[in-house]
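Structure incoming, see below.
As written, the chains take the letters A, B, C, D and E, and residue 1 is the first residue of each chain.
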Amino acid sequence: QESAENGKDKQTESKNEKVTVVLDWTPNTNHTGLYVAEEKGYFKEEGLDVEIILPGEAGAEQLVASGKADFGVSHQETVTEARVQGLPVVSIAAIIQHNTSGFASPVEKNIKSPKDFVGKTYGGWGGPAEKPVISTLMNAEKTNVDDVSFVNMGETDFFTAVKRDIDFAWIFYAWTGIEAELRGEKLNMIYLTDYSKNLDYYTPILVANEGKIKDNADQVKKFMNAVSKGYNFAIENPAEAADILIKENPDLDAELVKKSQEWLSPRYKDDASRWGEQKQEVWENYTKWMFENKVLEKELDAKSAFTNEFLPK
Amino acid sequence: MAVLTIEDVSKKFAETEIIKHLNLQVNEGEFVSILGPSGSGKSTLFSLIGGILTPDSGAIMLQGEKINSKTGSISYMPQSPSLLPWRTVLQNVLLSQELRGPKDEKKAEEMIEKAGLGAYIHAYPDELSGGMKQRVSFIRALLSPQPLILLDEPFSALDELTRLDMQKWLLSIWEENRRTVLFITHNLEEALFLSDRIIILSSKPAEVVADYKIPFKRPRAEELFLENEFLEWKREIYHKIKEVME
Amino acid sequence: MAVLTIEDVSKKFAETEIIKHLNLQVNEGEFVSILGPSGSGKSTLFSLIGGILTPDSGAIMLQGEKINSKTGSISYMPQSPSLLPWRTVLQNVLLSQELRGPKDEKKAEEMIEKAGLGAYIHAYPDELSGGMKQRVSFIRALLSPQPLILLDEPFSALDELTRLDMQKWLLSIWEENRRTVLFITHNLEEALFLSDRIIILSSKPAEVVADYKIPFKRPRAEELFLENEFLEWKREIYHKIKEVME
Amino acid sequence: MSGRLLKGWRPLVVLILFFFIWEIVVKKAGIPAWLLPAPSQIIQEGIASWASFSAHLFSTIKLGTSGFLIGITIGLLTAAILYLIPVVRESVYPLLILSQNVPVIVLAPLLVIWFGFGMLPKIIVITLVCFFPVTVAALDGFKQTAPDLKHYMRMAGATRGQLFWKLELPHALPSIFSGLKISATYSIMGAVISEWLGAKAGLGVYMTLASSAFRTDRVFVAIFAIMFLSLLFFGIIILIEKLLVRWQSKGAK
Amino acid sequence: MSGRLLKGWRPLVVLILFFFIWEIVVKKAGIPAWLLPAPSQIIQEGIASWASFSAHLFSTIKLGTSGFLIGITIGLLTAAILYLIPVVRESVYPLLILSQNVPVIVLAPLLVIWFGFGMLPKIIVITLVCFFPVTVAALDGFKQTAPDLKHYMRMAGATRGQLFWKLELPHALPSIFSGLKISATYSIMGAVISEWLGAKAGLGVYMTLASSAFRTDRVFVAIFAIMFLSLLFFGIIILIEKLLVRWQSKGAK
């Protein structure tokens, strides 16, 4: 039976366009739509043969920029940074409408607002925007970022880190926050969006190569059709979508996926007219903020960094 | 008939003259020994004959043909047995032929048998004693088709008793085959026991200072060492060497 | 007076008897050589005397004291010079004293000077020739305070001419100091030239088969080698050895 | 052979003792599994997840093997060229040494960006860690050809080619094998690193997945698998050596 | 010494040629800097960002040095114990070899989990990569003590202690130094890996910052800095060796 299936796969392979998507990290509920589109055959319907790969240490942005991958999962702050450095990557959809990330810490640490960061240790991953973001949050409460100790925590996961020398870290609530709920560990969350409207940027997003958008718009269109369908399915059927993600990634903790999906599904589209919609205002605000906070070396034309053109009507 | 003729050969290393206007002749079927102080240039002379060094001047003639810097025209047995450790005794013996052309396995087996190494024909060198290795090395040189065999202190690394054994053995094999041999040694008794002629070299730069014809009749036996005639020859050559060294 | 007395000593390795009921005596100021076939157990005997092996039975007495498996009671000079490469000549010479107690630097310097190595007193062994290294090794043994010196084939790795030089040198130094010496050699001429007594060991298991008193008067000179009396002694002992080996 | 086995009992006892203490400590001190799983848990997990795990394992074996073969081929060729052409040796060898100081974990992501997710960048990584020990060992082996053997061969009239094939190469074999042993263990590590930095399957990927799923027990399964593979490769090389370099073991008797 | 310098010109020429071709290719083919910066850009960036870069550099040097010192101390002690107590050697040595197959990049995150982000886990990582080459080399050196020297010393009445201090240890020095040379280069790599997996400063952190800001030029600055540091450490060890193992260089003359 299996060999028959393989045979069928080979046949379709020859017809379909081969497309690779690089994730931003290990598979999680941010990626559900992609897996749904794959599992439900939405990609096949569009004549695409999609392979989803993990990025490892090489960033998805560079891989998309160098053409080694067709599409990638990224974040607005990264794309902005990448474009300033000359990487030809363009955002083609916002996976989640609003920024659901924030600074988390176990309640024992008593970090309830940014002013409590003073004297504490932040565990980061070496992103250029980390310090300015924390600075912005702290400035709002008249405290100084220099009083925070920064540690690059590399591969270490949040729960381990906060048991060691780290006091707070930057997490996606949908994943790590839900995991904490499941573990019964109480967290204090400080959401970025609560402190600055500028920081309500798109994270995560889907990106494609600038050249590809020009030369192979057709493929991008097909890809986005399928992905939209995938995420819309996940929005309407959180439970079933979660099952698909679990099935595709059996190593994931099923309970976490289910709860996370339940939390995240309504937030994919949120208040937007359609899934994936990006507003110029969001891009401009954040880009301006980045430039003002010296994260960017030069100003960036926010308009060229994203497009809604490939989203299905 | 002269198998080897060395005509007015000189050799310098950098600025040091090692060999200077050397003349030497080895005849068909002769066993000639060369005695000389350490560092006088005996091994250098062999390298010249073997063709891996080129004389600065002069000619080296083998059977009338000039062999200056031509390798492979002589057969060679060095001081250390120089057997390839990954080859069996038989394969080692065949090596010198292998380098030059077709192999004669039959004859090799025969010779090994005759040398009393029949039981070790497929053994690796590591399984042999020092004396046995030197036997193999000598058989290898014997089986090589060239008209002249050079032996450079073949027994100097052996202990006294093995050495005596080997001298007797070499003599018996040689007296059967009568190949032309040029033999370097430090040991006067050894030279007297084995040779038809003994050539004394001066210290650096090497020149021939004496050329003795040794009259002991063949086949020679071990008792020769203890005869008075032997002691007299020894005395004479010994005084010559002392003279040279001063 | 007996410095060393070996009484009925036996030694087995696994199931092989190497030394069997050996009796031997070395007197004060005597130079005694031991001759025996290779593998007969001469070095084993030295290890027993040196205390790094224990006899299975019998006693080894040094100046009346039993020294079975007691190290450090004798002075030793091995076949290879065994100089520590990171020590200068002087530091090497002092080593044997250093192991046993206080050092006498003055005397060491004197001896090195006398041995003609004055210019090399602060040189490292690598800068010395083979013969020079053996001189240092012998001085080291001489300077060690113990009453008996064991020499295990000290010259067998040297070439013929250096070896002769060393024999003469050793003799001259020894005739000045007259320390008690037990000397292993393979070389009959060497033994005759140097010794007061020559002891012949049988092949494994080692027993004393002959004990010759050598009457040549001292000081001895190089010419001894070429005298007829020498040849006669050589003949006699040579026949004895042949007998033993069969 | 049985002597070998008997000699091996000591380390085995120590090893078993080590696991035993580990188990006891974890159990008694109630250390949570995400921090340090007990050996028994690791073994259970290894057996339970064998089905999904084995695919990763074989992928790594395949990658490691092909990388190793390519790496040592390049390594041997390099050594031969460096040895036979002195000018090349003098001008390139110091740079090869320098190349070994290039941090692989930094270079690997760049390789993925340059060459994509295919086999190429992975093979480059493994080759980079594999070829050098072989090159150095082979070069050493060639160089250390006993000068008396070389002198004999030349006096006996050997050509340059005969000298290399009949003397220098076989003479270097034991040395080459000690290089191969190092390369063999490196190749597994190289494969894991390259997978870790971007791949679809393999122990490196399995580890990434395991650690992001907070499955420390699986991380340990991977660690043990890597150690086992390294030993296996090492053992295979020793076996081949035993078959090829027989004259030495005979001599050692 | 001048002979040495003269001998060095060939690789230098090749190296310069290599950089020259790299520069030309990047310029002519118009390769963007984020993909592969030209050497000139890398040098410029290195000079321009020296102020912020040097702090990271010195942090790595400090970490590498302390890890190296601790690692080799442990390595030498281990070797001495293994050598002097045969039972320990037989039961522990095979396990030490096994320990070298534990993949550091996998172990390092676990070390952080167990010991936090302080110095301890970093020192453990560096020690783990450093101690083994020294142990193996020292053990080899001890074992290969010329048997005739050993026999002489014992016959001359040396005690076990005298044998070790006066013979075996000095005899092993050249071998120990070749182990130290390997360990020295490993220590830098170990420091970078451990920083990369969690630290406040150091080349590992600098690299992470650089690559997440798509500053490939800075990644290369870090690569070159790591290579330079490795060479520097290597050179320092050679210098110390020259001072300590003088009898050999004299002999070689």
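Keep this in mind: contacts are C-beta pairs under 8 Å (C-beta built on N, C-alpha and C of every residue); 3 or more make two chains touch, one makes a residue touch a chain.
Note that the structure is predicted; figures quoted are calculated from it, not measured.
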item	value
Given chain A and chain E, the chains that contact each of them	D
Centroid comparison with chain C (C-alpha atoms), farthest chain	A
Separation of mean Cα positions, chain D and chain C [Å, integer]	52
Length of the line joining the C-alpha centres of chain A and chain C, rounded to whole Å	86
Centre distance in Å when chain C and chain E are each reduced to the mean of their C-alpha atoms	49
Multi-chain contact residues (two or more partners), chain E	35, 109, 113, 196, 211
Residues of chain A whose C-beta touches two or more other chains	59, 62, 66, 155, 160
In contact (per the touch rule at the top): chain pairs	A-D, A-E, B-C, B-D, C-E, D-E
Sites on chain E touched by chain A in the complex	32-35, 108-109, 112-113, 115-118, 195-200, 204-205, 208-209, 211-215
Interface residues, chain E side, partner chain C - complex	146, 148-149, 151-159, 162, 166-167, 170-171, 173, 245, 247-248, 250-252
Residues of chain B defined as touching chain D within the complex	46-47, 50-52, 71-76, 78-80, 82, 84-87, 95-96, 98-100, 124-127, 144, 150
Touch list for chain A against partner chain E, complex	59, 61-62, 65-66, 78, 81-82, 85-87, 123, 125-128, 149-156, 160-161, 164-166
List of chain B residues in touch with chain C within their complex	37-38, 156, 159-162, 186-188, 226, 228, 231, 234-235, 238
